[in-house]
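Next come the structures, one after another.
Here come two complexes built around chain A, the first alongside chain B, the second alongside chain C.
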Partner chain A sequence: MSTNPVLEAARPAARAVPVRRAFQLREWLEREAVFSWLMLTPPLLFLLAFLGYPFCYGVYLSFVRRPVAQPATFVGLGNFVNLWSDSIFWQAVWNTFRFTGAATVLKLVGGLGMALVMHQNFRMKGVTRALLLLPFIVPTVLSTVAWQWILDPGMGMFNRILMYVGLVTQGPSWLGNPTLALVSVILVNTWRGLPFFGITILAGLQTIPTELMETATIDGAGSWQRFRYVTLPLLMPVIFIVTTFSIIFTFFDFQLVYVLTGGGPANATHLMATYAYSISMGGGQMGLGSAAALAMVPMLGLVLVAMSSYVRKA
Partner chain B sequence: MARSDCFRGSTSRRDFLKLSVAGAAGATVGADWRLRKASAKPAQITFLRESSYVKEFDDYFKNVLIPRYQQDTGIKLVYEIVAAGGSAVPRLVSIVESKAPVDAGWVQQEWLYREALLDVSDIAEEVGKQQGGWYPEIKSLSVWGGKWKSVPFGNIGQTMVYRRDWFDAAGIHTFPDTWEEFLEAGTKLKKAGHPYGMSMGHGFADNNSWLLPLLWGFGGQVVAKDGKTITLDSAETARAVDYVRKLYKDACIDDCVGWLDPANNKAFLTSQISCTNNAMSILISAKRDLPDMGKVIDHALNPKGPKGRFHSLVPVTHGIFNHTPDPEAAKHFLRWLMDPKQVAAWYRSAFMYHAPFLHAYDRDPEWDKEPRFKPDQRVLETGKLVSWPAPADRKAGEVVNKWIVIDMFAKACTGVPTKAAIADAATGLKQIYG
Partner chain C sequence: MVGELTWPRRLLGLWVPLAALFVFALFPFAWMAATSLKANAELYDPAANPMWIRHPSLVHYIDLFKETNFVLWIGNTMLVALVSTILSLLLGVMLAYPLARMRFPAAGLLAISVAVAYLVPQTLLFVPMADLINRMKLGDSLSAVMLTYPTLLVPFCAWLLIGYFKTVPRELEEAALIDGASRWRAMTRVILPLCTPGFLSAGIFAFTLAQNEFLYALLFLNTSTIRTVPVGVTGELIRGDAFYWGQLMAAALLGSLPVVLIYSFFVKYYVAGLTAGSVKG
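Presenting the complex of A and B:
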């Protein structure tokens, strides 16, 4: 700041007022309540625009008959009644539950194993950890196209290996057989989601104090008992969070099935998300498609409520 | 603590807020809103198409037609390409719903959004008169309520694509003329290690292109001409379903029941299958990349059934979205594009991959350059829309997009009894047709 008395004297008296105002504005801005709201407003607006609005619009659409490029007609619960009697919808619901359940269990067990191994000390640990993250990092569409090749019955790596080791003379049709097609999409989802479980549980493992392990060892606990009575209970909060997230992601999974099978063969891999998409974007029935998509929300809600109440009791 | 120390740096909160506001404003101003005045000449026309399986086709548009249009009119032409394989219809639906800045395009499955398309009767009638007239079947798609809602461009011919060398080796020197002969030949070929690969998955062309003609050839129909009466559950349909089950078991590769559209190209070009139903793309790829295989591939019309020979059209039509800010400019572009000076060379650039719906091109010299492509043109003689004999409307579109007929056959191939497979499909149809 200038201390020249000549310059100070030359400053007009009125200049003091805006300085005072600016000072007040700064004070106001720096109040915790004001500043926190200022910081919160952009993300809130963003969420409202890109999450709240589409969701509310989706809810609205689910109560109207609204073909593409045509005005909406209110039908009340008509779309839901329509879905209730739609056998493909129920097949998609059943597939979604089987897909989510199997993939989540596989990811949980596999991820826990992965984390326990990664928690050990061995050479190239850092590189191995980084490589294990790859399935999670590679864009789903890209990795799914690679899986299409891997699962190809004639040229695919899976069947080549099976034939090479002499397990089969002709490999199975992974994406042509309805049961195997569902198994295949579950396997690919598990492959993609495993690192998420592995890394998150590893982070949980690293917060467990070594003293607890040492104490348990001194008390005579074996490695299984240390895992069962020390590691696992302390990991439960992390496992709960990671499983919840995974159920949500898996329940709403779309890309994988869309690219790998398109919901076929004969709807064997159609999930609620892919079916809702095919009704609205393919069939042009925006109302019916929104109802199918919205039906996922209470179903998923029930699963999550049941899961959290089970964990609380446990 | 009144405030966190982390905010006490060289950048104050106010600076941060100013930066944020300035950044947001900058982004807004910089965005291409493409506001245009209807009265002024448009700055550009955006034309959307699904990427072609024949690279030369898109290349010709980009390298020849775009500069020519810009030179002729001074209007910038933007060619927006959507990836092939099922993403075009969702893109078109979202364009219609959000009134996205696209003026014209290949309006796939236009039955979903005809209300959003401009009347182009003047162009279609003028082009038809000038170039030998339109094939009648395409009018069932493009003309709606007495008005042309799109200008037909061409049909992507779907024919039987087969390995002539393997057929010869099995003692089959001419392609089977009937579905029964087709089964007989396939049984021999599968025993020789060269099964057929007939797509039955949730694709969009290669499944309908043989299953619907087969159903029609056996005398089955999904919905009657009135567009209301469901006619699927019939003895003819049952015979077609039984036939497909047997064909799948005795003559096909297991995997084909779940194939999406690119799968049969891949299987054919890797010598896993001896025959499939596809467009020209397999032969074009083989000639380019696998010349030895390219020499032994041939095309044939679909076999005929007791009720005749049928083909399923994969029509390409161009329409104009009625939200275009400058309808006259968009119509001028479409008229210019369909002028023989432009369109004839564009057809030829892709070896007539799009068989023109205009009779003037029936005997175009381009067809003689590769006689194996001729069946792709002859498809137009017996080609029907997927909705046939019902009108190509929204409901028919829903049947296609829910794969109701395709899944009926696929279910039968994976163990569901014929009666149950047909009943499931009929239930699905009832839900759509009420």
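Presenting the complex of A and C:
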């Protein structure tokens, strides 16, 4: 928008200056950088205040000892040293790795299978997809409560069915036995996350041109060869991103374990997130809890580095 | 796929695995429904067939409405989800529009920061966040979650919208500018209306995420009347070691209903939001 010379000339000279200034302001606002930063400032301030600041404050907290409602004392790396010699913390770390690893593999394999099954022509495909995605839609806490009831040792669905068909006289204590409890937690996470893998990989499958498949068939490739040498390589980018996402969210998972087992029995299912919660909110040790939460970042970094180097090799 | 399969192969390759997937994905809902419709006498009768309902009863639903604040929890959940979704969409647009369509220094760096912010979970921040909210004197109020949920939702909305904004050709905006529209007008009258599907995807997805949130709600909502469904259900229907399974399942089913209803109307947009990050990126 440039100033209009005709209008400009028609105005008395004395009023020309403020009008010019107004036009300049408008021109200034039209500059890409100015417009951009005016738009960006409110959301960035919000994110800095409620995401950036808490993060920095959390880092600070991890270096102090601060019981609830008492002043903080600086302890340096003391919190991390305490965690290092805390056997429950290491158990939580080990559980987090096992939980994330097993659940991710199950979700990936199951999701790939689900996508391949869904990538065929059949009626009511849209409805099928919508229904199979339900476990992912329903609020996690609510479906986890249902699972707690399914796994209930006395009257839960699993044991009732086992007893009803006469397989056992007394079903196993799914959430009371340390090994079974971890298996149960992995099972529930898989149940919830598998459709996410399935639907996303299906969307990836649908972007593969059918001509490629036809060409491969004409060249004499069987269905396994088509899958191995055409489908899978083309799906790799999608699989990589979905898996990375899932690993991150599974690694930081809190609500599933908090509701299903509370970390028990005897810390057998404590994840780093639930342990950090129990230290800080249950034990009132804000500094130590913050350190335990932050310790998840390098651990997750390890997982992601390992995964990307594995993918590069494959 | 290529060619028509014969029926035994179609049975083994499609119908059997599809049936298995259905059972795996949906049996917990059947179990919820069956449990919620049985009175305690039948529910805890070891001789009864667990998957059958002999005497359907609404007693658990009635108790849920009469004895607990369930109706309030549903209202709170909807209110919080709605407010935080609208707030997040608004801030998300302000973040995404310049990053997707403008050229200025630091744009690339900011776009990466948004992606990283999306991956920061509440598990990492809850200790300092609890402290921050308490110092702001917002503890035990719905404002606390309305303010903290957008920290999860804004980066997500922005990230998804950046992808949508990029699909609109630059020429449209340039044409509007040449016709004398300001950047603001070009944005609000030309570009944003074209991105309605993007807003729907981001909005629906953010809405379900907000309904699903648990950790901040657990930290900040202590009074029964201001709780959301997940916190209310786990905090008040499980009392010590006593599980009111009938009521719990009724609550789980009813609490899921709003999300499922909205989802069923907008499945297309939800799936678009779900897959946008991984398929396009």
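Here is the rule we go by: the second predicted complex is superposed on the first by the 268 of 314 C-alpha atoms of A that agree within 3 Å, B and C clash if a C-alpha of one lies under 4 Å from a C-alpha of the other, contacts with A are read in each partner's own complex, and residues count from 1 in each chain.
Operating definition for what follows: a contact is a pair of C-beta atoms (placed from the backbone, for glycine too) under 8 Å apart; a residue touches a chain by one contact, two chains touch by 3 or more.
These numbers were taken from a predicted model, which means no experiment stands behind them.
Peer 1: Taking chain A as the common reference, can chain B and chain C both be placed on it without clashing, or not? Answer clash or fit.
Peer 2: clash
Peer 1: Mind working out whether A:S173 is in touch with chain B, chain C, both or neither, as first, second, both or neither?
Peer 2: After superposing on A, A:S173 lies in contact with chain B but is clear of chain C.
Peer 1: Between chain B and chain C, which one contacts more residues of chain A in the superposed model?
Peer 2: C
Peer 1: Could you tell me if A:D86 is touching chain B, chain C, both of them or neither one (first, second, both, neither)?
Peer 2: The first partner, chain B, only.
Peer 1: Taking the superposition as given, does A:E30 touch the first partner, chain B, the second, chain C, both, or neither?
Peer 2: Both partners, chain B and chain C.
Peer 1: Look at A:Y57 in the shared chain and tell me whether it touches chain B only, chain C only, both, or neither; answer first, second, both or neither.
Peer 2: second
Peer 1: Of the two partner chains, chain B (first) and chain C (second), which one does A:N267 touch, if any: first, second, both, or neither?
Peer 2: Only chain B is touched by A:N267; chain C is not.
Peer 1: Between chain B (first) and chain C (second), which, if any, makes contact with A:T128: first, second, both or neither?
Peer 2: second
Peer 1: Is A:S278 touching anything from chain B or chain C once the two structures are fitted on A? First, second, both or neither.
Peer 2: After superposing on A, A:S278 lies in contact with chain B but is clear of chain C.
Peer 1: Once the structures are superposed on A, label A:G76 by its partner contacts, choosing first (chain B), second (chain C), both or neither.
Peer 2: It touches nothing on chain B or chain C.
Peer 1: Which of these chain B stretches, 59-67, 77-85 or 347-355, gets into chain C when the structures are overlaid?
Peer 2: Among 59-67, 77-85 or 347-355, only one stretch of chain B overlaps chain C, namely 77-85.
Peer 1: Residue overlap on chain A between the chain B contact set and the chain C contact set?
Peer 2: 26, 29-30, 32, 35, 42, 152, 155, 277, 280-281, 286
Peer 1: Which part of chain C faces chain A closely enough to touch in the complex?
Peer 2: By the definition above, chain C touches chain A via 1-3, 13-14, 17-18, 21-22, 24-29, 31-32, 35, 43-44, 46, 49-51, 91-92, 94-95, 97-99, 102-105, 107, 110, 117, 119-132, 147-148, 150-151, 154-155, 158, 180, 182-184, 208, 211-212, 214-215, 218-219, 229-230, 233-234, 243, 245, 248-249, 251-252, 255-256, 259-260, 263-264, 267, 270-271, 274-275, 277-279, 281.
Peer 1: What does chain B use to touch chain A in their complex?
Peer 2: Touching chain A: residues 2-3, 13-14, 17, 20, 86, 89-90, 93-94, 96-97, 109, 112-116, 200-203, 253-260, 266-267, 270, 272, 394, 397-398, 401-403, 407, 410-411, 414, 416, 424, 427-428, 431 of chain B.
Peer 1: Inside the complex, what are the residues of chain A that reach chain B?
Peer 2: Going through chain A, the ones touching chain B are 26, 29-30, 32, 35, 38, 42, 67-70, 82, 85-88, 152-155, 172-178, 181, 261-268, 277-286.
Peer 1: What does chain A use to touch chain C in their complex?
Peer 2: Against chain C, chain A makes touches at 1, 26, 29-30, 32-33, 35-37, 39-40, 42-44, 46-47, 50-51, 53-55, 57-58, 61, 113-114, 117-122, 126, 128-135, 137-143, 145-150, 152, 155, 157, 160-161, 163-164, 191, 194-196, 199-200, 203-204, 207, 210, 213-214, 217, 226, 238, 241-242, 245, 248-249, 252-255, 258-259, 273, 276-277, 280-281, 286, 289-290, 293-294, 296-297.
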